[in-house]
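Below is one structure. I have some questions about it.
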Amino acid sequence: MLGFALFGAGRIGCMHAANIAAHPRCRLVRVFDVVPAAAAAVVERYGGRIAHSVDEALADPEVEAVLIASSTDTHVDLIARAARARKAILCEKPIDLDMARVEACWEAIKDLNPVIQIGFNRRFDPSFEKLHRELREGRLGGLRQLIITSRDPDIPSVEYMRGAGGLLRDMTIHDFDMARFLLPEEPVEVTCFASALIDPRVAELGDHDTAMVLLRTASGIQVCINNYRRAVYGYDQRIEAVCEHGVIVAGNRRATTLEYWSREATEAKEPLLHFFVERYREAYVRELDAFLAAVLDGRSPPVSFEDGRRALRLADAAYESLRSGRTVLLEEP
Amino acid sequence: MLGFALFGAGRIGCMHAANIAAHPRCRLVRVFDVVPAAAAAVVERYGGRIAHSVDEALADPEVEAVLIASSTDTHVDLIARAARARKAILCEKPIDLDMARVEACWEAIKDLNPVIQIGFNRRFDPSFEKLHRELREGRLGGLRQLIITSRDPDIPSVEYMRGAGGLLRDMTIHDFDMARFLLPEEPVEVTCFASALIDPRVAELGDHDTAMVLLRTASGIQVCINNYRRAVYGYDQRIEAVCEHGVIVAGNRRATTLEYWSREATEAKEPLLHFFVERYREAYVRELDAFLAAVLDGRSPPVSFEDGRRALRLADAAYESLRSGRTVLLEEP
Amino acid sequence: MLGFALFGAGRIGCMHAANIAAHPRCRLVRVFDVVPAAAAAVVERYGGRIAHSVDEALADPEVEAVLIASSTDTHVDLIARAARARKAILCEKPIDLDMARVEACWEAIKDLNPVIQIGFNRRFDPSFEKLHRELREGRLGGLRQLIITSRDPDIPSVEYMRGAGGLLRDMTIHDFDMARFLLPEEPVEVTCFASALIDPRVAELGDHDTAMVLLRTASGIQVCINNYRRAVYGYDQRIEAVCEHGVIVAGNRRATTLEYWSREATEAKEPLLHFFVERYREAYVRELDAFLAAVLDGRSPPVSFEDGRRALRLADAAYESLRSGRTVLLEEP
Amino acid sequence: MLGFALFGAGRIGCMHAANIAAHPRCRLVRVFDVVPAAAAAVVERYGGRIAHSVDEALADPEVEAVLIASSTDTHVDLIARAARARKAILCEKPIDLDMARVEACWEAIKDLNPVIQIGFNRRFDPSFEKLHRELREGRLGGLRQLIITSRDPDIPSVEYMRGAGGLLRDMTIHDFDMARFLLPEEPVEVTCFASALIDPRVAELGDHDTAMVLLRTASGIQVCINNYRRAVYGYDQRIEAVCEHGVIVAGNRRATTLEYWSREATEAKEPLLHFFVERYREAYVRELDAFLAAVLDGRSPPVSFEDGRRALRLADAAYESLRSGRTVLLEEP
């Protein structure tokens, strides 16, 4: 029963707390949040005790691992402190919005050799994981193109957007990681188109809500990511992999299998599951499984710090392409 | 260029006239209808000349074949006269509503050995025909069950229903023929449930609009036909064949491939093609191809007089089951 | 935390034990099985203690409810004893294979007024439950026809079949309950065709593996159940509800959403989830939720003893139809 | 009955000849091909007479229109000569591979004001045309993104590729036109990734077989075209339009509606229709309808010379992007 300290008791922290509490191999020991009432609510529902500070949580000898679900700007500090306290680390994405801070964090922890896993939850979706396996095993031959469709149900609050580092670092970063997960080699070229079409407040923030990004690997495999931030029909998460001997598509999920046939339409299905908490419920549990297998069974964490760094590198390159109107070459990943 | 006399210039007669006119291997020579203006309209649009009587049409030496699309009660007389005049015969279904008349017709023509084909158009639908071929070739092993879904978009007029012989002889008869087309042996048991649920006028006529019929062959293969006469979403025509090694399904058709994803529904497609003229457009042309191949190339007509008789026999048995509350055994088909 | 005694530690008992152990509102207190090692294995994995007899389990004051998952012939005895011991009862289907014993059981317990729920798990499937709700709310108007497709992935062992009461009491009984769950009124007519087509051992047992059953309600609504016991592509569980203003279909489930497009086929999906443990995993948990809500919150159990009796009544009527070649009328349900 | 001269009796010329012969409003008068036997074969099958030269065809007073289906390098010359001869012109795409020659052609003919229509057949596909109408009518609000999937079943012969102007001018040009057809405003930015991954001979020719192109309009609407030249499962032609209030998808077509369910896969459908002759059969007929409506009824041809020029302009811009690694701005379309 691995003991966890949870940092951050917001929406995503609560979800992780529920998963920790329900998992047979771990338990919640401490919860810290800058809003103590939020921590208290989690403790009441999922067990453990409140920590009044990060240090108090890290000092608890029953805490063997930390789950970092606090605001992005706190991640690198918490990673470094947890690593020094010899805790295993499961940290929500992104590591940080600033590459210099990410790299400094790595310098600070690398000699401590912590067990650390970054929270790219989609890798653990059963369909995407099976797609990954099919591509690795070459069921339909070599990969030629990936089309990643990734659409949120709606734009977040202005407050959220203000601190999120922009669409490409907040939302597309998942797709950059997915592309790297599925590709047999690293992307070396990035080009990007982005617009603010949904709400004038997005443009006022200098942010975007509609984007297309192309990636290309050294051997010429191509990726298109298309992002849109108001899919009124639900959280649209699909991947199409064009291979030598055919195509494999991974699709969406709905709460039920019902279809309606009426005067207006036929085979009409429900809207998609609303957002990541619903769509990736199973993936979050399997992400936790994998982390526990890393800590308790000595396996490698399947999403490394370096994976977190490289996804950010691609987001930065996409912003550079936006600014310059050029395809950005990633000479060194 | 086989010369046709068309008997009957109503909706279905017009459709056949168009197909004859467009086909490279035949042409319209004569058109007869009890309403001369209807015949005139067909002639004006698709060629040929009006016949003022059946005899005039049959006496025309350029007439080598007849297409009988007049009202059902005229079929057996026209078949017999055409056979005596040594014309090839393509006759719309059903041969007649009365088994005694059907059998008398056969007695009258059998020694003349006419080329005769009954208009069970659905056998020529490309999907159903391919399903038939797959079952004959045993791609998924032996057949165990057939589920035939057959729903009209709406009930016909009271006037039409009055002369149509009841749901089972008018609509289900196509499904009886389809079952026989697909089964490897004749059905020997029939049971039927039928109701009038859509419109009180149906019940007033003593007719039905909602039915389920079960058939069973000697070796135990089962068929369910489900009929309904107000499928507001279009003409629903599907078959599911349960076989030893899997299932083959033949589905519906739409005018376009569009799908709509909105707040209310996802993957919503158009209603189905409205009715038989749209759904079986291609099938009617291929039915004519097959008839021309029989007459001009000496092949066997793919739907015989006996096929027409047996479909009626099944409809009669279903009515007998309705009356008696028993499964009807067809000792001799 | 409702304390459960589990009777029966076979496959389905194990599954229930896992659900009880994982549920926040209940726990496993006692496990009894005629094979003590089976009970021991469940206890080791899911907690509680072995009971060396039914009486020992029922005498334990921490046992507040029983889950009966033992062989069918033990159900009525266990129900009666549990009721006398004032335990709440969740009993797997069927209550018994013999109507006289079912009715005697009811006589024995009715004055004790136990909280009792019969395990028709499919009512708790999210798609079927939503279909039920849509029909009750009349989203597409009144119901006219139900087509229930229910196919097992393979025939059970001969040993299992020998004690299972025949296809219609073992497998179709679920579909009879589903029909009753979805219909707005009781079925009053039953007719049935059944064959043994899959394996000669089925015929040797006098059993069937392929069946079609028709039901009809007093107002004329029709139901077709089609059963087949070797769907090599997985556990096929679908319902089509034909309504006044359209059709609602509830479909199957798969482990992933992948689709394959290759030289041979397009949009090819995975086989269906293999069998009931996978297909109805969520339904079994929700069945337990509903039982806990009945016991702990005073709600009505959603599947009553009477529901169990009526499903058996329909199975008996279907066998009567098979024997007599008649439609059986259920004058009194 | 509009009289046509057909220039070019290759595969696509033959298909047009068949459509002309079958159409009630036109007929084939003259056929010219540099290989006289090819012209003779067309004449024998579809009527008309051989022309021994372009001039002979244009001098025939019964020739009122020309259909140009000869090799691309002959198009501008034939257009100019036909315009001077006062014939209506239906010319296969592209007008030419060289923008200077296209513009010179326009200068040569513009004062003659010919009825001229360029053969972007896909605009006449019933599904794409309905998609166009839905977008114009704003059924789901304003357009935000288009994803155009366009994959050929296989690479053409080396000989064909040598003269085809490269993937972007030969294949993608259809998608550029489709983007323009569906967008509410012109694209003003183009960026492109292209690779040769399928066959080494493609790279030896300096050509590509795998491409992704992004377009962007002034208001920020984005388009992704993804092309691949060996879709072993058939000719893959799909469009996804992301709009303010949802998504509309236009999909592929197959010869039948069959689905197979077996141990290996479920809902497996046939491969797609093989290539453009099958997929766009109906579109080619409707293209001819539209041309006839322009010539005979005085309507505007729905695909203008300028449409042909702009599609080529986009292809040229995509090549410029490939060379420069930049997004190319189209200041003036």
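Some observations on this one:
Just so it is clear, A, B, C and D label the chains in written order, and each chain counts residues from 1 on its own.
The criterion applied here is as follows: a residue touches a chain if its C-beta (ideal position, glycine included) is under 8 Å from a C-beta of that chain, and two chains touch if they have at least 3 such contacts.
Not measured: the values here are computed from a predicted model.
Note on connectivity: the fewest steps through touching chains from chain A to chain C is 1.
The copies chain A and chain B differ by a rotation of 180 degrees on their C-alpha atoms, rounded to the nearest 5. The centroid of the Cα atoms in chain C and the matching centroid in chain D are 58 Å apart.
Centroids of chain B and chain C (each the mean of its C-alpha atoms) stand 42 Å apart. In chain A, 231-233, 245-247, 252, 260-263 are the positions where the chain touches two or more neighbouring chains simultaneously. Residues of chain B touching chain C in their complex: 142, 144-145, 147, 149, 151, 189, 191, 193, 195-198, 210-212, 214, 216, 219-222, 224, 226, 228, 230-233, 236, 242, 244-247, 325-327, 329.
Residue ranges of chain C in contact with chain A, taken from their complex: 22, 126-127, 130-131, 134, 140, 245-253, 255-263.
Remark: chain B residues 231-234, 252, 254, 260-272 touch chain A in the complex.
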